[in-house]
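Here's a structure for you.
The chains carry the letters A, B, C, D and E, assigned in the order they are written, with residues numbered from 1 in each.
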Amino acid sequence: MGLLLFDVVLCALLLTLAGAAMLSRQLVHAVTLFIAFGVMMALAWARLQAPDLALAEAAIGAGLTGALCFTALARYAGDAGYPKPKLWLPLVFVAAVSALLLYSVFQIPAQPTTELSERVAEHLAVSGVSHPVTAVLLNFRAWDTLLELLVLLLALLGARQVPSQLPLHAGWSLSVSWSRLLSPMLLLLSAYLLWRGAAAPGGAFQAGALLASGLVILRLNQQLAWLSWQNFAVRTLVLAGLIAFVMAGLASLLLPGQLVWLSWPVALAGGIILLVETFATLAIALTLALLVVGEPEQEPADA
Amino acid sequence: MWPAVLLVTLPLAAALLMLLWPRRARVLHFAVAVGLLPLAVSFLLQVTVSGEQQWFLGNWGPLLAIRWQADGLTTLLLLVSVTLHLLVSAYVGSIQRRNPLPAAFWPLSNLLLASLQALWLSRDLFNLYVCLELLGMVAVALVTLSGDKALRPALDYLLYSLFASLCYLLGVALIYAGYGVLDIPMLAGQLEANWLNAVALTLMTLGLMLKAACWPLHLWLPAAHASAPAPVSALLSALVVKGPLFILYLLWTTLAPAAFLPAAAYLLASAALGAMLFGGIAAIRTPYSKSLVAYSTVAQLGYATLALAFILRFNLPEFVAAMWLFVLSHALAKAACFLAIGELQHTLGARQVEQLKGASQTMPLAMFAFAVAGGSLIGLPPSGGFLAKWALLLGLWQSQQFFWLLALVVATLLSAAYVFRVVVLAFDRAAPTAPDFSPQRLPQYLALLPALLVWVMAVFSLPLLTLLKQEL
Amino acid sequence: MLSFYLYLATAALLLGVGSLGLWRGPELLRRILALNVIGAGIFMLMVSLAYRPVLYGEPADSVLHALVLTGLVVAVSATAFALALLGRLLARPQ
Amino acid sequence: MSILQLCSWLLLALGVVFFLAGSLGLLRFADSFSRLHAVTKADTLGLGLVVIGLSLQSHWREACLMLLIWLVVMGSGAVSCQLLARFSHEQQANPVEPADPGQED
Amino acid sequence: MQAWSLEFLPLLIVLSSLLPGLLIFTLKEQQVALRTSLNLLGVVLKLVLVYVMWQGVKAGDNYEFRLAFLPGADLILHADALSLLFVVLSSVLWLATTIYAIGYLENSPLRSRFFGYFSLCVSATVGLALAGNLVSFLLFYELLTLATFPLVVHRGTPQSLAAGRRYLAYTLSGGLLLMLGVSLLHLLAGSPDFTPGGYVLPLLATEGALLKVAFALLIAGLGVKAALFPLHGWLPQAMVAPAPVSALLHAVAVVKAGAFGIVRVVYDVFGVEVVSSLDLAWPLLFLAAFTILFGSWCALAQQDIKKRLAYSTISQVSYITLGVALLGPLAAVGALVHLVHQGVMKITLFFCAGNYAETLGIHKIRELNGVGRRMPLTSVAFTLGALGMIGIPPAAGFISKWYLGLGAAEVAQPWLILVFVLSGLLNACYFLPVVYRIWFGVQYSAWPAPQRFSQRLETHWMLLVPPVFTMLLILLMGLFASTELSPLSWSELIVEREFSFDD
């Protein structure tokens, strides 16, 4: 009974946060409410037995997206106020659409089709890892994950096409020392998450996101001057995830017998997955950090 | 398995290496682009000989793994994507000295090719979502190449594209809720005609039509394609817009239950009618040459959607052939148009259509390329457009659709109007706009190549139709 | 069972709120946030679908979790790209 | 209801009271400094009480974990409170148009 | 005839003007000698090949070039008697017009572009004549539009651009209607070769309505180029083009393409039996008759020479349509022979009009007073052409009108003879005053823009020879009509060999 109460309160909170963020007059309120909404979403995932997602949502959804929004917000400061748009037409239309969605969502059969998850459980032993989500991500649907890494890289390439100067404050001694204190812990935590990914909720994305937040904190306090696209090492690491994935895929093709793309042999599966995941974590961490932190002002983004 | 994998991973690997060593980007790019062509041709021949092939990535069996399928149509689309990729990069290479594109063009155009190839091959609903998203973001990144004037259109394009992908994802989620399967061939025929599937399919169609710039949802396309650099808008109009159309075709011909087909046919037909008419009228009225060509994309997509609508309604082989011939001939013709207009606009320094005056004297080759490609857009024999329109006419006569014949006549006249609006202006000898410098001949020849290819497409119609497995 | 339908309803309403924000929001930043809210709504729907087997005693559907994770990463990269574009749009002199 | 459970429920109630006080302070206080004060002090204490209350009912490993969490929250709470205070102090010292942050220091 | 030439002769005839044309495009403006030689080489080559084919066809050989084009419809170049009639006409007149054009555009700009499109135009016309089935006919019909458009807008002035837009609007919609008709017929009866007596007879019982729709679409599509009444608007406007263009194209190539198409459709696609049983002939009859009278009527009101000749073309071409619509053998002979005669006569008139404009700057009829003395040879040619058009015996026009009259009587449509007489009168009304002005008009003002092209001759020899040559042709065709060589006997051969009449 207590859980139901928790659910009701959580859902109500989620909806009010989202509604307030959308309808608030000032943009600052919208962004802060949105970040709170992100944190609550992480809580919702935890409640719905999706620990992987809770980790990812907390690190990526609330953390990095929030940081990104605040950098964008800084530029809105001088912007002229927008006229207050009229509300009733969108309200009426959206109400109708959401009523329709609500009705169709309740048509969803309560009885789940468990054929796919049984197939996953059945093949888990052969997949080289014991945690089903990591198995699906890095073995059964590895092609999706590769493309998704590509999407992330692409966001970085796109963002580099439109470099805009980030107003960097000189670090204040307290925040500098705090960042120095936090970063080893974050590093340790992300390494742990990466390692545990094989057997328990964790893996490349959550570890990458944590590492990225560590890098971002350090960079915002002027620690990591080398963190830029021009630096060859950084560039290699950013591309390492994809290169590892593609190389592993091609290697799987060369192996005798099973000439199929992205199929890890059973014996080596665990090793390959761990290798690919480590490179992916580094790639994700650096990409997200570069996305949030952006380019140092002086060099024009030509390469 | 080898050709399919290489067709996807070669451009991807090339892009990654280019990002690592930007100085050697062009050499690597042309090596890969040229290498891909024989690969795509051999893959096409292999499929025509040994019939349809399919693979399950990771060797995990149909339910669990992502399915890649390669039939006649897919290999044809793969080949066209590779040829246009090679052609456009040759064009960019040839104008490199005069108005160079930023160095990021090379890796991005490779990623565009990789995501397109992945989209053509994949038959998994969620994988198609990721490919669509990837395609949209590469396209937006390419649009921003032309500097700050393309920012607002690029951002609008990105937001529309994201919203469309989310609608599509919601549709996929609802279908997965009902059947727990993500594989299209496995879902074929299983969907019942209940409310949930109706909403799911509507959402997916809405998302895909928004991404394919079908008429009522096409607002982002003219601004984005007009502000992008000419070679980029050639790639966008010729290929990127066709990806979602391919998925729409997959959904409605294999997945959708029979009860929904008439309603969907009605929706698509009215969208097509709007696209043909309003796209044509807008193309006639716009003062800018590149947005004229962009609006013509919207109008020409109307033809393909009309053919798709009639596939759903009557399922005649003529309509299937008509749809894919429209897509292929439009890809080639639109690439030629954009390259020719880009060349004209750059040499004559003209954004307005009026300044193309006397272009047939100052830039005869580029104007000839535009005229020939325009001929295919109108559907003059012996071009590819004619072949597609011929198939569509046979289908319409066979199904006694007299109203749609009239609509097709009006649409063809509209397209003739906006093509010849430019061509007639080119013959004006009153005061031809002198080019700023002696025009380069190579880019004009490259613009002429696809135009001539599409001009004689009707001659080799028989191999094309056997490939599409439709006999008229 | 009731909490399952409760989360489904929240997901649907989140979609509604998100699309309201997308349509009405005058500033582009708010529209980007709205897109994220819609994405969150869809992921909420998918995760509550994944939660359905838990009601019948089996573990949650891990394929859906993987899909949502991929969706999350795609959403954050799209948002990052959109915000970079927005930043440049606002930074350059009109 | 053993003594232990009674104490933990008591501590949890006390923690919630401190949280409520903190949030009330956030809403009611006039200027930013006192609001910062209320939020940081009251919530950290409330969290501490909740952590202790819960650790009484749980295994020692979760207890250590919650303790670590409490330490980190306290640390980050303090640092961010200092930063916000410094920022708002500078705001009042030279109320400059926030549009061009370049002029900060 | 070896098998090789049977296969490739038609293709060679089409290429003999296509290849020089494409080469001329690449030439620079100042390469005059090369361009002229290429042009004349193409003309002579084509005449030789046409002569060879003429002998072959007379001997009954079957020339056919087949290329896979659309599924179920090949691209066929088949030389039968009817197509040879049109090929001979256009090649001979192309020779005359090329010489005339070289003289006419002596030092005007963009000649490479002009002659390039000029040769493309002729190859499209010849292709259209040789087309073996409806789809190939449609292909060359549209290529003809694309090749003629740049010639219409060659001068690049605002009027010529407006004329070009109007020309495109008409011809493209005509082409589209034709495409609709052809696709419908392809659906109903596939696209077999043109067979004497038509290939839609078996469908008569079941698909009567659709056949009528197809017939209407085909005739409407062809009517645009054949300048039938509602669709004739583009022709007078197109007179703004240079003289050689309006001479060869708007008097011969384009206009005849439409008429030739109607002949093909009525005789080789539908066949007399189907057309009469679906009673499709009489609307065509009325339309043609009305166009004849309407064309002549409008010609009366025109003050510009070329506009008047344009309207006279509109009415003259409808004679052919009329002859075809009568569905009688004699009328068919009359129509076919008129196709040749009208072509030669009209080209002479346009040559003369061009001479007047080029040498003396005369554009209006009232400026023609007393030009006979200044340019006697051109005026004689003009007079003879005019007489031919009216149908006075020595010139060829009389023969075609005679046969058309016989045809009308044969098919018991006496009211048509009234139409012929009336139109003959109208012709006289708008031609004779011009002739009178030329010879007996008092010259009261100086020539608008006189130029001396050559000492001995009245104008440049290249402008003078073609009209004289075609004038002689008119006379020869008129006087020696019954000889074996004349177009009349060839038309009789066509009608007897290819059009089956079950009277």
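Operating definition for what follows: a residue touches a chain if its C-beta (ideal position, glycine included) is under 8 Å from a C-beta of that chain, and two chains touch if they have at least 3 such contacts.
Labels paired with UniProt names: B = NADH dehydrogenase; C = NADH-ubiquinone oxidoreductase, chain 4L; D = Monovalent cation/proton antiporter subunit MnhG/PhaG; E = Putative NADH dehydrogenase I chain M.
If you're wondering where the values come from, they're calculated on a predicted model, not measured in any experiment.
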Topological distance between chain D and chain E, in contact steps: 3
Those chains which touch chain C and also touch chain A: B
Chain occupying the most central position, where position means C-alpha average: B
Of all other chains, the one whose Cα centre sits farthest from chain D: E
Centroid-based (C-alpha) most distant chain relative to chain A: E
Two chains joined by the most C-beta pairs in contact, as defined above: A-C
Distance between the centres, which are taken as Cα means, of chain C and chain B (NADH dehydrogenase), whole angstrom: 29
Separation of chain A from chain E, taking each centre as the mean of its C-alpha atoms, in whole Å: 74
Computed distance of Cα centres, chain E from chain B (NADH dehydrogenase), in Å: 43
Where chain B (NADH dehydrogenase) touches two or more other chains, by residue: 126, 130, 133, 137, 140-141, 144, 151, 177
Multi-partner residues of chain E (at least 2 other chains): none
Every chain pair meeting the contact rule: A-B, A-C, A-D, B-C, B-E
Complex contacts: residues of chain A adjacent to chain B (NADH dehydrogenase): 100-101, 103-104, 107-109, 112-116, 119-120, 123, 139-144, 147-148, 150-151, 154-155, 157-158, 160-162, 232, 235-236, 239, 242-243, 246, 249-250, 253, 258-264, 302-303
In the complex with chain C, residue positions of chain A that touch it: 3-4, 7-8, 11, 14-15, 18-19, 21-23, 27, 30-31, 34, 37-38, 41, 44-45, 48-50, 52-53, 56-57, 60-61, 64-65, 68-69, 71-73, 75-76, 79, 82-85, 87, 90-91, 93-95, 97-98, 101-102, 105-106, 108, 110, 112, 114, 116-117, 120, 132-133, 135-137, 140-141, 144-145, 148, 151-152, 154-156, 158-159, 162-165, 205, 284, 288, 291-292, 294
Chain A-touching residues of chain D, taken from the complex the two chains share: 72, 75-76, 79, 82-83, 86, 97-102, 104-105
Contact footprint of chain E on chain B (NADH dehydrogenase) as seen in their complex: 358, 360-361, 364, 375, 378-382, 386-387, 389-390, 393-394, 397-398, 405, 409, 412-413, 416, 420, 424-425, 427-430, 458-459, 461-462, 465, 471-472
Residues of chain C defined as touching chain A within the complex: 1-21, 23-27, 29-30, 32-34, 36-37, 40, 43-45, 47-56, 58-63, 65-70, 72-74, 76-81, 83-88, 90-92
